[in-house]
Every structure is written in C-alpha cells, then in structure tokens.
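Labels for the chains are A, B, C, D, E and F, by order of writing; each one numbers its residues from 1.
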Amino acid sequence: MIYIIRRERFNAAHRLFRPEYNDTKNLEVFGKCSNPNWHGHNYTLYVTIKGDINPETGFLVNLKTLSQLINERVIEKLDHRNINLEVDFMAGRLASTENLAIAIWEELEDAIKYIGAQLHCVKVCETENNFVEYYGNN
Amino acid sequence: MIYIIRRERFNAAHRLFRPEYNDTKNLEVFGKCSNPNWHGHNYTLYVTIKGDINPETGFLVNLKTLSQLINERVIEKLDHRNINLEVDFMAGRLASTENLAIAIWEELEDAIKYIGAQLHCVKVCETENNFVEYYGNN
Amino acid sequence: MIYIIRRERFNAAHRLFRPEYNDTKNLEVFGKCSNPNWHGHNYTLYVTIKGDINPETGFLVNLKTLSQLINERVIEKLDHRNINLEVDFMAGRLASTENLAIAIWEELEDAIKYIGAQLHCVKVCETENNFVEYYGNN
Amino acid sequence: MIYIIRRERFNAAHRLFRPEYNDTKNLEVFGKCSNPNWHGHNYTLYVTIKGDINPETGFLVNLKTLSQLINERVIEKLDHRNINLEVDFMAGRLASTENLAIAIWEELEDAIKYIGAQLHCVKVCETENNFVEYYGNN
Amino acid sequence: MIYIIRRERFNAAHRLFRPEYNDTKNLEVFGKCSNPNWHGHNYTLYVTIKGDINPETGFLVNLKTLSQLINERVIEKLDHRNINLEVDFMAGRLASTENLAIAIWEELEDAIKYIGAQLHCVKVCETENNFVEYYGNN
Amino acid sequence: MIYIIRRERFNAAHRLFRPEYNDTKNLEVFGKCSNPNWHGHNYTLYVTIKGDINPETGFLVNLKTLSQLINERVIEKLDHRNINLEVDFMAGRLASTENLAIAIWEELEDAIKYIGAQLHCVKVCETENNFVEYYGNN
C-alpha cells in the first residue's frame, strides 16, 4: 500500500452565516466571517489516495490523471467562485472549511476508485494557521 | 540606514471589472477575476521602512508599534472585507493588486514618518505566484 | 469524524542537560544543545482535534475558541520564556521537544474535551528539519 | 509512543521509462518525465520514526544520530546523482517517486531498529505539488 | 512606477563542467555538480517587470499575458529538459545558475518591452539556499 | 554585475535590555523581549554578494566557498549561543536584529572582497513576520 498526495489551489469568496439568524446573531456565532459582503481565501487542497503500485509504470496512478480529475470535479467549480452562491456541491450547506472538505471528498471518492485507487484524505487549508482533514465516513 | 520589514496578512473578497463594461467585455479584459459574484484571496503584505537606528533601543522603530500602525490603518479595513465595496481608501479605484499596493502606501506614508522612519516599499502578494511592489512616486 | 488543525507559534530559550552530569558529559550526550548559556528557537505548534461537526455552525469547534484555549494554556506560558526555568508544566522535565510535545498534550487534553472535541495530535516543530508528534498515551 | 520526523534533501536527475518501450510509447505513458536526456528535482525526504522516550535523555533517539544514519544510507547515494544509473538500491527499479519511497524504506528499516526505534513513514516530495508516503508492507 | 513579479517553476537536469578539463579537474572546480551522469533541480524563477499602471485596467500588464510569455520563451524550453544538451539559449554556455539568469534575461527583455513594460529583475532559485539575481547589463 | 544570495540559519538565545534600566523600564521599552531569563529564535540569514562572473567557472564565486566563509565568521559564533553573552562581534551592543545585521555585515565585508566579490546586503529574519536588511554604510 502506497500513498500519493496531490496539492491543488483555488481562490474563492465565501461567507459563514445562517439565513434564519439576523446579522447580530450571525456576527455573534461566526465573527467577522459572517460579513454580508463576503470575504475570501487562497485555499490549498491536498488530496491523498492509496493503493498498490502498478508494476508496469511504477505509479499508483499517473499524477497528471489525478490532477486532471481533481481539477475537473473540484477546482474548476471553486476557483474564482463564490462558494455560497455558485458551487453545486456546496448548495444548501454552510460554507465552513469542514463542510467543504466533506463535499470535496464526496465529489472525488468514486472517481478515484474509477482510476484504480482509494481516496484516503482530503485536507483543506484556509489560511496558514487553519486546516481541516477528512478521512471519510468511517 | 537600516531597513526593517513587517509581514501582515488579510483575507478579503474582490472583483476586477469596470462598471461601464458589460459582462462579456469584463470577462475578456479581466478573465475569471471579473466574476460578478466575487472571489477572494489570503493577501500577504510586506511593509519595508528605513531610517537610522535609535542608539538607545537598538531599533529603527519598535516592531510592535509598526505592526499596530499597519493594523489600524490598513489590515482592520481590509481583513474579512470586500475590497470593492467596503474599503474607504479603495473607493473609486479598480481593485487590482497594483492599485491596492499604491493605496496602502498612501495610507502608511505619513504615519511612518510620524514614528520616525520612512516608508520604503509596500509589497502585496495575492497568490503564491503573483506579487506587486511599490516604492512610491519617485 | 472530522479533524481540524490549528497552528500557533512561540519563541523560547532552552537548554538540554542533566544537572547530575558535568559539562563534558552534557556536551557528549546533548551536543551544542547543552550550552549552559542557553539557545533558543521559533517553535511552531500544530494542534489537531477531532470530533463531529455541529450542524448548526458547520464547525467542529470555532477555531477562535480553539486558538484562545491553546494560547491561554500553552503559548502564553512558553512565548518569550525560558522553557527550563519559567514554564510550570515543564518543571522537572528535560526540555527536549519530545517532552515538550507530551507536556503540551497534557495541558490541552481535558480542555479540548470541555469544548466538545478530542485532542488527536500535538506536533512541535523545533527547526525546519526537526519535528515531534504525540498522539497520546495509547 | 512518540514520533519524530527528520527532514533531509537531495538533488538528483532521473527519467521515467521502460527500456522495452520505444520513445513514442514511453512518451505516451510517462509524458515529459520520459525525456531521454534526463531531468531532475530537489527532492525533500521526511523520515518518521516512533518508539519510547529514553528517560535519561528525553529523546526518542538523538536527531543527530538519525540524520547521520539517513545521510550515510540514503542521501549520500542520491544527492547530485542520477537515480537511474548510479543508485545501488534503485537498480532494476523504475525511478518513480513511489518506488523511491519504498527503496528508501528498505534502506532504513533495519538501521532504525538498530538505534532503538521503529521506522514509521518515508515521505518523498518531488515537487511542491507531488508527494508520496510509504508506511511499510503492512 | 510599479513593479510586478511572477513566479514560475521548471524541473531540469544539468551538469557543471568544462569540456577541456578532465574529470579530476572538473571535480576539483565544480565539486559534485560536475557529476558526468547529471543531477537536477526544481528551479524557481521570479520575473520582475516595471512600468506604469494602465488606468483602464488597473494593471501594469495582465499577469496571464506575462505568464504565457515567460512560459513560451523560457519554461517550455527548460522544463523536464537537460540544460546542457537541449536548451537553445544555453548552447555554448556553462550551465551555472548565474549564466542561466542572464540567458533568461536575454530571452525576455525585448518581449517584455513589446507588452508595454520593462524587465527589472530575473531571479533564479536553484535550492532553498542558493539564489541568483540579475538586473541587466547596467 | 550579478548578485548571488546564500541562505544560512542559526538558533540562538538573546534578550533586549539596557543594563542601566531597571526591569520595569526594560519591560516598558522592550516588552517581553526583555525577559531576564532569555528567549530565542531560529534566525535565518540571507547574504547577498555582487560582482562579475568568472568566465572560466560561470560563477560569481563558488557558493561552497561563500557558505564556508559565512559559517566560519558568523554562523559558528552564533549557532546554539547566547547573543548577549557569547558572541564576540556583538559585545557591547544591544542584541536587536538591526544591530545583529550590521555586525554580521562588518564580519563579512572584507572577507567577501578577499574572495573576489562585494557584499551587497545582509538580511536577518527573526520570525516569519520580522526582517531586517542592511546594505552598508552608504
């Protein structure tokens, strides 16, 4: 069993809030992240997959294939977008980094199987100080 | 003459567009940065100041003083904000990194003199690949 | 189960030595880290906690709360301090990075439970080349 | 049980190809990594070992010892070398990062036991975007 | 006058040697960088250009245009290549980082003028410890 | 004219204070950096030198020579040392980063000339947020 990790990046706007809360309550719960005019981040995404090495290529999977898959299913939908308004797989979810990591996992899990590996971890870095890791629903 | 550099960070939303352009024209000129629903960045700011060392303290200026000054005049106005809609010193300016660097210079120049040094450079990093430096109107 | 990681930093002096050893023996065992006049580091601390997402907030716990907790219990006691002389939770312990990681775990474990999560990992980075991870007494 | 991690670096040339493929087929499978004239990388290696703290020293093992061991067995053989042509422990193996991580594991596993710890993970970073982790043959 | 900086990366093999020296002499002058079987690096390139902001766009030049230009003229010729054998603009030059920085300057200088700016600095990072900067033939 | 930059690192303890101040006054002027029990940092040093390329080698100067010179004259005196108590070239000087940069310049200036180049800049990074640059007494 070998693990490979691919780093990808996207820049997006978001806001943390509950629509049923008023502004004061949102500010109380979510702090400045609730700003109604949005703010944003340079998100860094680390996708870890695992499986057996293909003896023909020496690869678990070709990292170019993995990168294309992550870009098509995740990055192109998030990059230079508003996470709350424009990202299909985040519709109806609070735009927290935790929920984002889980939603990215769901977008990638089956597609990773299809290229012959298993998704192991989705790590989303929101700032240089804050990170979320999700290892699936075990 | 000694130079000291202070790094500060802010996370903000922005959009590159001209209101007199239609969406097609904005997309043509500004690419995905023109997204009407905003996007955002973790901006990193490096402020370089220069001057003579105070022999009493061994400091050009106390870095805590410099950091507080940058935070009050720049970071608190930008962090978790929408650069196009909420930042007084960016009103009426295109929210490009170039304009942002110049506007931050203007916010800081006199205040740096007031604490006994000269502003030398404002560097704004928008992503890990894109940076702007401004050395004043020389 | 979701994991969140918070990075914090502290700058401290320390020395590796055993009081019952003489200087030659300390130098032999601990190398230049045994310097009787101290040396120091910019330590970086990564605290990983795990648990279930609160559906109301989308958070495992609010990262501001986590950061405050780590600062009150750990950072304020270590930052700009001498680890051997001034840190209550290191009293009587050799000031190695290994012992520091374990002591930080002990300072945080119950407090993390109190805010509704479980401590998963304490990682202490002493230099860009040397790191210690502790996952508790399992 | 405590984990310590040591970072080391080496700069090497390599090429991904199968000798029984012609150039077109190698290009198809390995892309530009198959360039017959070689290319190269600044590889970063993270070696994680685990075990119990020695109460006399506060160390799992002395990091200087660990670093020397990694340098003698791995870095000196790889640094400023051609991985395909000059590295004994890569002879007969495709020079993929996956195979490199496994080969480094094999070079280190017994030697780590000999200094009183267990090898836990070998991580090889080929670029800032591509990483491989190997945790042994479990 | 505003400065913008674009970071690009390439991975290449090279060797430092003079063909008229024998191996012993090359080893004496160039150390392990003279290895006849090549070695390689992840090079990082920072290109700084300067000029006036276009008031219509808020840009010095569009960074996408700058990036494309650097890729077409420099990166595509260097990436996954052997600097000694395959790079037209390095033909007949010793493959030192110094010479590489100057050659990249020569490849970019006129093209940067053509897009309405001036080349200010070419910085080439060979490792995390070694960097070269070239500001032109002034 | 070409510029080359060498990065070196050292870990040291220090304290900011004036012996003629009492503790209260030192705390007021120097903050927590005045802690009588010391604190410390992982300092990063960037030394920039400039001059003409040697056409025989393609080097300004051999980086190995430059690194050895910096290590002998600066790093070995600072690393794992107490800057206030043990570093000859800091004797009688306040141990601020500004003074440290100037003192390192003085240690290096003539020696750099001796190897055929000119010292251009000494940059000392105390934390990830605080840096000092010195370009000599011009």
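Criterion: contacts are C-beta pairs under 8 Å (C-beta built on N, C-alpha and C of every residue); 3 or more make two chains touch, one makes a residue touch a chain.
The model shown is predicted, which means the values in this text are computed figures rather than measured ones.
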item: Mutual neighbours - chains that touch chain B and chain F alike; value: E
item: Over-half contact-pair match to A-D, picked out of the listed pairs B-F, C-F or A-B; value: B-F
item: Chain whose mean Cα position lies farthest from chain D; value: B
item: Length of the line joining the C-alpha centres of chain D and chain E, rounded to whole Å; value: 28
item: Gap in Å, rounded to a whole number, between the CA centres of chain E and chain C; value: 42
item: Chain centre separation in whole Å, for chain F relative to chain D (CA means); value: 34
item: Where chain E touches two or more other chains at once, by residue number; value: 128
item: Set of all touching chain pairs, with the criterion as stated earlier; value: A-B, A-C, A-D, B-E, B-F, C-D, C-F, D-E, E-F
item: Touch list for chain B against partner chain F, complex; value: 1-8, 48, 53, 56-60, 62-64, 67
item: Touching residues (chain side chain F, partner chain C) in the complex; value: 9, 11-14, 32-33, 35, 37-42, 79-82, 85-86, 127-128
item: Residue ranges of chain E touching chain F (in the complex, touch as defined); value: 16, 18, 29-31, 93-99, 101-102, 128-135, 138
